[in-house]
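Structure in structure tokens, see below.
Just so it is clear, A, B and C label the chains in written order, and each chain counts residues from 1 on its own.
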Amino acid sequence: MPPRTTEAKQIFRDNIGRDNPVFVQVLGICSTLAVTNSVKNTFVMCAGLLFTLSLSNLTVSLLRRWMPSRIRMMVEVLIIATYVIIVDIALKAFYPEIWRQLGPYVGLIITNCIIMGRAEAFALSNPPGLSFVDGVAAGIGYSYVLLAIAFCRELLGSGSVWGVQVLGGWWENWAIMVMAPGAFFMLALFIWIVKGLILKPDDETKEAS
Amino acid sequence: MALLAKVVRKLLPMTRVLWALAPIAASSVYFFGWRALLLLVVVNAAAFAAEYAFTRRWKQPASAAVFVSGTLFALSLPPQLPVGMAVLGIVFGIVFGKMVFGGFGKNIFNPALTGRAFIYVSFGRHMTGQWVDPVEGSLGGFGAYAADAVTQATPCMALKAGEAVPLLHLLLGTTSGVLGGTSALLVLLGGSYLVWKKAANHRIVVGCLAGYLVMQAIFWSIGCAGVASPLHGLLAGSVLFGIFFYATDPVSGPTTQQGRWIYGAFIGSMSSLITVFSAWPEGTMFAILLANMFAPIMDHAIKAVTVKKK
Amino acid sequence: MKTKRSKASARLFMVFFMFSVTLVCISVVAAVHLGSRERVLSNEALYLRQGIMVAAGLKVPADSETILTWYDRCVTPLPDEENATCYEIRAAAQGPHQAVVFIRQGAGLWGTIEAVVGLDPSLTQFTGIAFVKQNETPGLGARIMESWYGEHIKGRVGGLSLVAEGTRSKDPAKLDAITGATVTSVAVRDLLNRLIEEAPAITPSTRMPSHAPTHH
């Protein structure tokens, strides 16, 4: 099915580039601020989000023909919550160390606007296969931005990457980088650089039209 | 000279501020050695470079205000601060406190304070934990590169801990503290010159002083723990420096006359409040940044009220 | 008439749909929960035991079997296994006392901090600490989980006061604070100070050889 694959490719390109959920749509900022002070935590958060997002997209899309539109949001939240609880329990059972660090944040995946946004904007009106692809693509678009921010913040704020000290004793940690304000500055810089250097103006006008 | 005019736009009020700061800068060298001058020069160069990197792309000269920001910033640093941190602070302050808003005249926050707050939060140990006493001897710091008599606390911290600090030392500035904030006398001198030349608005200054003294007097008279007497509190640390040189920044402050009174009183009372109840020994910086944030709303409210009255 | 009925049936379908989705979701969650329950509980028990071992100042072995046998042999929970708040540690089964470990709570920045804290048999010196529950800010308060922090509490005595991070004072009555996390540091300090004051009163002194003669 060539048209399908080109469509899927387009979805990937959009979510990673000019329709990126974080730096173009500016969604999911709460988690960007909360977890990006260490790469490890961010990675688990991204994996959890990728899982929840792709499967909730798939489920919503499967149910879309029968779902009464008046209660669709309730149903979506219910589905998302179910997947998030499964992530939470799975971490608790198999990765208790990570769960102990991330416990409160995993629950917060439910409130990530990207999941609800993709369900509403894409899964409700597209077939299951494509919706799943869209979920994965949006999840990856979210993840790489977060990981990039987390890399910078952990490096500057703690002198380490993935918990491994890479900068020597001469390095003076920037305490502000592990606090939430550091995420604001880092995200702003990221958006600034991406919009200033990489996204071309005609992309933006296309997006606006 | 022509080249200078091409890259720097002169502004009379800003030049006046620089004159007012000159004796304080000289005193910082006298108290803490030639390292103070090094910090001043490096910080100003970095500040100019940060601003010019933006204005060049806009095909404009940098404003002379950048040297005011740089000098004010340098004078508010602890004498022992590593040069790299100072540069980081001022570049951050200029870029995020000023240039992202569109450059001189459009900034919401005072750039020098933005930079200072950034490194204050980032490098707590260097910004609040390492102090030196002024260099001894008749030549003072003119005969030394850096002061090396390490001390634990500034007068502000001593006052907060309930110790007595002689008023004369605070007036003359023969105490530990930030480069330019130790000598209350010189700050008063420079500040008065600014008010006299109308480079600093007297409403803001009087509002600040009144707000601070009243608030501090209230806390002092009800006997809160760790509250200095209003006079001691005012002369110790950088309260006066903040009031005369930072709070009076015409760009980040309000533009209506009544707004300036409110703005001043807000800064003064908040300085006292933060100093007394927070973990920080000095609250003036945060008070001014908070007030910067509310300045547009103060103006807006006052304009709305006056329109209604008419 | 017809539209009315179809409206009613649409409503009924809505309720039915919501009900069945909820039922499926709850069943899935319940099944996952029950399926992993054993594992979660044994994880938690092992975690607590590791914590007790750290608090007693002992080196924690890598394999969980050794930890569990050590616990069965050398640890006496008080008052009983179910509601234990205090554990007596012996050097070997029936051997001399090595440490007393307490479970203690304190108010952190975002929630309760729960720690297992060990004291030497004379109840004057800390032998170690492990935090079993905390929701402090990652990168700031949550740094109490870092190993140096627990390590440097070893050998401290009561009446602790905080000094700046990195001081690593040799004074046993000083505790390094964590930069940028005043509330957390204060919470830990208070928790430790309170414990050392209260410990003699809550420990059944008869079981403590060093205290037994004076208390009876």
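Basically, a contact is a pair of C-beta atoms (placed from the backbone, for glycine too) under 8 Å apart; a residue touches a chain by one contact, two chains touch by 3 or more.
Fair warning: this is a prediction, and the values are worked out from it, not measured in the lab.
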Arrangement of touching chains [line / ring / star / complete / other]: complete
Result of counting contacting C-beta pairs for B-C and A-B, higher pair: A-B
Rounded Å distance, subunit A centre to subunit C centre (Cα mean): 32
Centroid spacing, where centroids are CA-atom means, of subunit A and subunit B in whole angstrom: 41
Computed distance of Cα centres, subunit C from subunit B, in Å: 46
Junction residues of subunit B - those touching two or more other chains: 121, 124
Subunit C, residues touching no fewer than two other chains: 179-180
Shared interface positions of subunit A, touching two or more other chains: 175, 179
For the subunit A and subunit B complex, residues of the former touching the latter: 172-177, 179, 181, 185
Residues of subunit A defined as touching subunit C within the complex: 35, 37-38, 41, 63, 66-68, 70-71, 74-75, 78-79, 81-82, 85-86, 89-90, 92-94, 96, 101, 103-104, 157-158, 175, 178-179
Residue numbers on subunit C that touch subunit B, as the complex places them: 164-166, 179-180, 182
In the complex, subunit B residues that touch subunit C: 121, 124-125, 129, 279
In the complex, subunit C residues that touch subunit A: 10, 13-14, 17-18, 21-22, 25, 28-29, 32-33, 36, 39-40, 43-44, 47, 110, 135, 137-140, 142, 145, 179-180
